[in-house]
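Residue numbering begins at 1 within each chain, and the chains themselves are lettered A, B, C and D in the order written.
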Amino acid sequence: MLSFVNDYSEGAHPAVLQRLIDTNMEHLPGYGKDRYCLSAVQKIAQACNCPQAQVFFMAGGTQTNQVVASCLLESYQGVVAADTGHVNVHEAGAIEAVGHKVLTIPGEQGKIRAEDLKAFLEGFYADENHEQMVFPGMVYISHPTEYGTLYTREELEDLSQTCREHKIPFYLDGARLGYGLVAPGTDVDLTDIARLCDVFYIGGTKVGALCGEAVVFPRGNAPEHFSTMVKRRGALLAKGRLLGVQFDALFTDDLYSRISRNAIQTAAMIKKALHEKGYQIVMDSPTNQTFVRLDNERMEELSKQVAFDFWERSDATHTVIRLATSWATTVEDTQALINLL
Amino acid sequence: MLSFVNDYSEGAHPAVLQRLIDTNMEHLPGYGKDRYCLSAVQKIAQACNCPQAQVFFMAGGTQTNQVVASCLLESYQGVVAADTGHVNVHEAGAIEAVGHKVLTIPGEQGKIRAEDLKAFLEGFYADENHEQMVFPGMVYISHPTEYGTLYTREELEDLSQTCREHKIPFYLDGARLGYGLVAPGTDVDLTDIARLCDVFYIGGTKVGALCGEAVVFPRGNAPEHFSTMVKRRGALLAKGRLLGVQFDALFTDDLYSRISRNAIQTAAMIKKALHEKGYQIVMDSPTNQTFVRLDNERMEELSKQVAFDFWERSDATHTVIRLATSWATTVEDTQALINLL
Amino acid sequence: MLSFVNDYSEGAHPAVLQRLIDTNMEHLPGYGKDRYCLSAVQKIAQACNCPQAQVFFMAGGTQTNQVVASCLLESYQGVVAADTGHVNVHEAGAIEAVGHKVLTIPGEQGKIRAEDLKAFLEGFYADENHEQMVFPGMVYISHPTEYGTLYTREELEDLSQTCREHKIPFYLDGARLGYGLVAPGTDVDLTDIARLCDVFYIGGTKVGALCGEAVVFPRGNAPEHFSTMVKRRGALLAKGRLLGVQFDALFTDDLYSRISRNAIQTAAMIKKALHEKGYQIVMDSPTNQTFVRLDNERMEELSKQVAFDFWERSDATHTVIRLATSWATTVEDTQALINLL
Amino acid sequence: MLSFVNDYSEGAHPAVLQRLIDTNMEHLPGYGKDRYCLSAVQKIAQACNCPQAQVFFMAGGTQTNQVVASCLLESYQGVVAADTGHVNVHEAGAIEAVGHKVLTIPGEQGKIRAEDLKAFLEGFYADENHEQMVFPGMVYISHPTEYGTLYTREELEDLSQTCREHKIPFYLDGARLGYGLVAPGTDVDLTDIARLCDVFYIGGTKVGALCGEAVVFPRGNAPEHFSTMVKRRGALLAKGRLLGVQFDALFTDDLYSRISRNAIQTAAMIKKALHEKGYQIVMDSPTNQTFVRLDNERMEELSKQVAFDFWERSDATHTVIRLATSWATTVEDTQALINLL
C-alpha cells in the first residue's frame, strides 16, 4: 500500500533520530534547560536573524496554539482567523477551552486578506455595541495554510501592518512551515516571518521530528513566566531534551530546509503527472499537499492501492482527495503512485 | 559529576529506543490508532488482568492529571488530595486551570488515610452549607507518593471502599508506578491497582520512556468521546505511535518491571550505605528516592561531585536532600556515590 | 425627549413594584428558598402546564444563557445558534468564557430553519474528522429573536423534533418572551414552548421586572446540584426574594401577558403609522420592535426629539433604526412619536 | 418567630426602597450609564476621599469576588486568602471556575497576619520549584471577616505594605463593610481602606439594599475594558439603575453609616445580655454577628422561638450558634430575644 495520506505517517528523519540515539544516555537537566534546548534556541534565533528571539518547545500544534492564544489574549479578547483556520475547525474547541472566541473572517483558499481584516477591525470599533462583544485580540494565520497555499511577502507585510496599526499581535501557525519556505515561487523566508510576526511556531511534527513545535517570540517579547503558563496547561515536558535534541538536529546544517525540499520535489512530480494526465487539480497549492478531483469510481479503485485523504464531496459523482508528501516520501513511491494515476 | 538529581535525566531505556528505531519508517495512522498503540493497549490490559480495560496515552503527568480530572469531574466538584499531592503543589494550578478546586486533607509522608478521607466526606455532607461549597468529586493519590512512600494493599482497599461508598472515582497517579510495584515489602501489584482504582496512569517518562503516560480505565469505563476531550486540551499527539511504540516495548517481556528493579537495587545500596555510615534517613521510603539529612557543610562538599535535589531546609545548619535513582542508574555510579559519603 | 430606545428603560411595572413594597420587611430565607420563590415556581409551572417543572431565577439574560449552557453541555460540545444569535454576538464571549464554542448556522431574520439544523448536524457526523471538532451539544434559539421575529408552532415542532432525533437539548432564550406570546398572529403559547423545549427562560428584565429571568426545566429535568452550579458562576442572589416576589407578581392574574400587550399595541400603532406615511419597514417583526429605514437627514432630525436605537447603516445615505416599545410605553408618547414621523 | 439568622432576611431599607419607587418610571439608559449610577459613583468617590476612584456595581458578593479576581490575576497566579476566607470555602469554587487557585494561609478568627503573609510570599520565591507552582497574584481579606472580626488600621497598613513590596494587589471584601466601619473601637474608616487597598467592595446586599455591591478602584486603577469583562461573566445588569439608585440612596446623607449603626447597637444589647447571663461568647466579634456556645438542649429549646444560624458543633453536648443583627433588626425583637435567653 502506498501512503500519501498525510505528512505525519513516519517517525523522525534518520538524522534527527540519530541525534536522539547519540545523546540518549547523557544526564541532562529537565524542563527545557538542557544544553540541546539552549543550542536549538540559538540556532533558531540565528536562522530567524533575531539574536534576541526567545524560543520554547511544545509537543504538538493544537497545544501550541492553545497556549499561545491563552498567553497573548486578554480575557475579553478573541482570535481573528479564517473561517477555515485550524483553530476554528479542527482543534476540538481548544481556543474556547481556554475561554476565548474565534472571530472568523472569510478565507480564500485558506488565506485571509489584509483588506478583510481591516474591514473587520474597523467595523468592530465602529459598532456602537462593541463593548458587549468579543474584542479582536490577535490575528491567527497558517503558512502554509490548511489548503497548502502560501502568503506572499507583500500579503504578510499588509497583514502585519494592519495588526500593528490596531496594536494586536500577529501569530503564524507554521505546522508545515518547512514546506512553505522551500516551495517554488515563494518570496517569504524565515527572516521575513520573524520580522513581520509577533509570535510564530516552526513545525516539527510534520517536518522531520517525532513530535515538537518551536514557538518563537522574535524580539524577546515572550510574556513573563511563559514556562509557568506552559506548565499550567500541561504542556511542559519533563524531558525537554526530547524536543531540544530534535530541533537542534533540524537546525544544524540547514537540515530543516533540506528535508523539506523532498516533500516539494515529490509533490511537484505528482502535480506534473496529474496535469499531464488531465486530472483536475482544485487548489493552486505549491507546497506538499495536492488536492485533486476524481470521479468516485476512479477514487474507489485508487484507494485499493494508495492511502490518501478524503477531502470533500464535490458533487454526486466526484470527490476531492488530498495527496500529501513529506520529508519521508520516496521517489520510488511517488513514481509508483504516478503509474497508478 | 555523578547524577542522582532525579529520575528523568536520561533519554529512553535502550530497548525502548531500539523499538523506536526499528519502527521509525513504517507508515502508520495518526492519533493513537496505529498497531503499536493497539498492541500496547492489549498488553497493558493483560498486565492489569482487565480484558475490558481502555488505555490512552498522553505525553506527560501534569497533562494526564489535568485531562483526567476535567473528564471525571462535574463542574461543581473538586479533587480530594493530600495537601502534599503533586496536583496541589507542583502543577502550576493545572487543575484550577480547568475549573476545579483541589480539596486537601493532611498527608502523612505523602499518603492520605481512609479514615481522614471518610471524615472529610462525611463532614462535607453534614455541613448545612455544603450546597455553597465545592463537592468532592474524585480522590487523587500518588503511588509511590511524592515522598517515595507506598500504600499497602489494605490501605488501598480502604480508600477504594470509601470512594465506592460515596460514589466518587478513585484515581491513582503512577508517575513512578514501576518503582512502586517492585519495591521490597510491597503487597500491591498492578492487578490490585486495576481492581481498586477507577482510573490510574502508568508512568513512562520516569520509567524508561522518552515521554509518555498510559491512562487506564480498567473496566472499560472511559467517558464517551475521551479522545476529543484529550484533543481539546491539546494533549493528543498526531504521531501517537511515539507513545504506543514505547509502551509496547515497556510491556513486552515485562521490561517495565525489569528496568524498575534497577532503580530499587541501586537505591537499596545507597540506603544501606547511609545507614551504615550513620546518616539520618528522614523518610521510610522503599522506592527509588532517598531523603537524607546532612549538615550544610557536608552538603556543600558533596554537591561538588554529585548532582542531587535540594529538598528542604531542616534547621539553620542542616538540610534534607533527595538522592534519586532510576532504570538508568549504574552500579558503578552508585558505588562512586557511596564512596563519597 | 421621547424614549423608544429599548425595552429596559424604566424600572418595574407598578404592580410588581408594589409587591416588593408589600413584602419588603418580611423575614425570609435566602437563596431562593423563600415562599415567594416557591409560589412563583408553582405559578409558572401551572402557566406552562407542567406540574413537574423546575424553575430557577437569575438576575440577567447573559448570565442565564451562560449558566444554562455550562450545565447542559459536555466539555467537548458547543452551542448551535444562528449567526445573529445573542449568544454569538452580544454577550462578550460569555459562552466561550465557560469553555464552549458557538457553532453558527445562517439565520434568516434571526431565525434558524430545521432543515439547516438537520443539514448541520448530519454534516457534522458525516465528517470523518468530527472527533477533532466541537460536537453540537445543544441548540439555542431566541423567541422573539433579536430582530423581533417569531417562530411558528410548526417551526418549533420541527426544530424540537430534530433536536430529539439527535439527542441534544433544545433551549429557548425568552428575554422578550412576553411580547412574543401576545403578538398578533402567533400560534405559539407557553405550553407549546414548555412541551417542545428542554429548557427555556421567561424574561423579566425586559417585561416588567427590575431584573430577573426564570429558567424553566419543564419536565423536572434540571441537572443535579443546579443551584451549586449557579452559585459557582456567581449567579445566586442571597436575597432570592427579589426575583421570587417579582415573578410571583408577574404570574399572578396573568399580569405578564397583560402588560406585554401594551407593548404590542403601541408597536402596532407605530407600524401602522409608518406604513401609512410610506416609510420602509425592513423586517416583518410582529412584536415590540420596529425596524425602519430612514434617510440620514430625517434620522438626524428625529433624533433631536426621540431616543431610538441605531441599528445598522443601510447605504451611504440611509440608516436602519429600531423603535422599541414595552410594557411601559404610553399611548400618549406613542402618539407624540407618530406625530413627529 | 424571631429572626436573627442572618443579615439578608429583609428587603431594602425603606429609604432605599423609596428611591426605587420615586425613580421607577424615569427613562434611563442601561448598563450603568444612567445618572443615578453616575451620582452614586461620585458620592462613593467622595466618601472614600478619592476623587479619581472608579466604581462599578454588581449584583452579589461571590460574583464580585469572581470578576475582580479574574480581572486582577494573570493566568499563572492565584489568590492568597485565609483558609477560612469566603472565597476559599463558601463560594462553590467561583475562583477556581475562572481558572485560579486559592492559596491559603492560616486565619486567626478569620484574619490573616502580615507576618504570615510575608513568610508565605518570601517562602514562595525562595522555593527552587516555584516556577512550577501557582504564583501569589493578589491578597484577599474580608472586613469584617466571616467571623465578624475586624482588622486594626495598623494591621491593614502592614498587609498593604507587604502587598506593595511584593507588587501584588490588596483586595478587601466588604460584604458587611458598613457594620465594620461603625463598630465600637475600630480605628479604620473608609478613607483608610481606599488608601490602603487596590480594590475593595462596599457591600449593599447585607447593608440595606435589595442586592448590589460597589467595587471601588480608588486610584482610577480599574483594568481597561472592565465593563466588558463584567459582561463576559454575565454580571452586567441591563437595568444598572437598580444598583445605581440604591447606592445613590445609601450614600446620601450618610445613610449607609446610619443604618449600619442599628445592627451594632442591637448586637451590643445581645452581647451584653449574654455576658450578664453567663453565656460563653466564643469570638471577640465587635460587629453584627455574635457567636455563642450553648448546650444542645438549650439550643433546641431556643430554636422553637428564634431563627439563628447553626455555626459548628463544639463537642458532643454543645454547639456554637450565630445570632446576626442588621439594619432591619428592631429593638423590640432584640429585647424579646434577650428575654428568651
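The definition used in the following text is that a contact is a pair of C-beta atoms (placed from the backbone, for glycine too) under 8 Å apart; a residue touches a chain by one contact, two chains touch by 3 or more.
Computed from a predicted structure; not experimentally measured.
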item: If a chain touches chain B and chain D alike, it appears here; value: A, C
item: Most distant chain from chain C by Cα centroid; value: B
item: Chain C and chain D, separation of their C-alpha mean positions in angstrom; value: 33
item: Averaged-CA centre spacing for the pair chain D and chain A, given as whole angstrom; value: 50
item: Chain B and chain C, separation of their C-alpha mean positions in angstrom; value: 50
item: Residues within chain A bordering two or more other chains; value: 75-76, 91-93, 97, 99, 131-132, 228-229, 231-232, 236
item: Footprint of chain A on chain B - complex, ascending; value: 1, 3, 5-6, 8-12, 14, 17, 20-21, 23-30, 59-67, 91-94, 97, 205-206, 210-211, 228-229, 231-239, 241-242, 307, 328
item: Chain D to chain B touching residues, read off their complex; value: 75-76, 78, 89-93, 95-102, 128-129, 131-134, 310
item: Touching residues (chain side chain C, partner chain B) in the complex; value: 31, 70-71, 74-76, 99, 131-132, 135, 225, 227-229, 231-232, 236
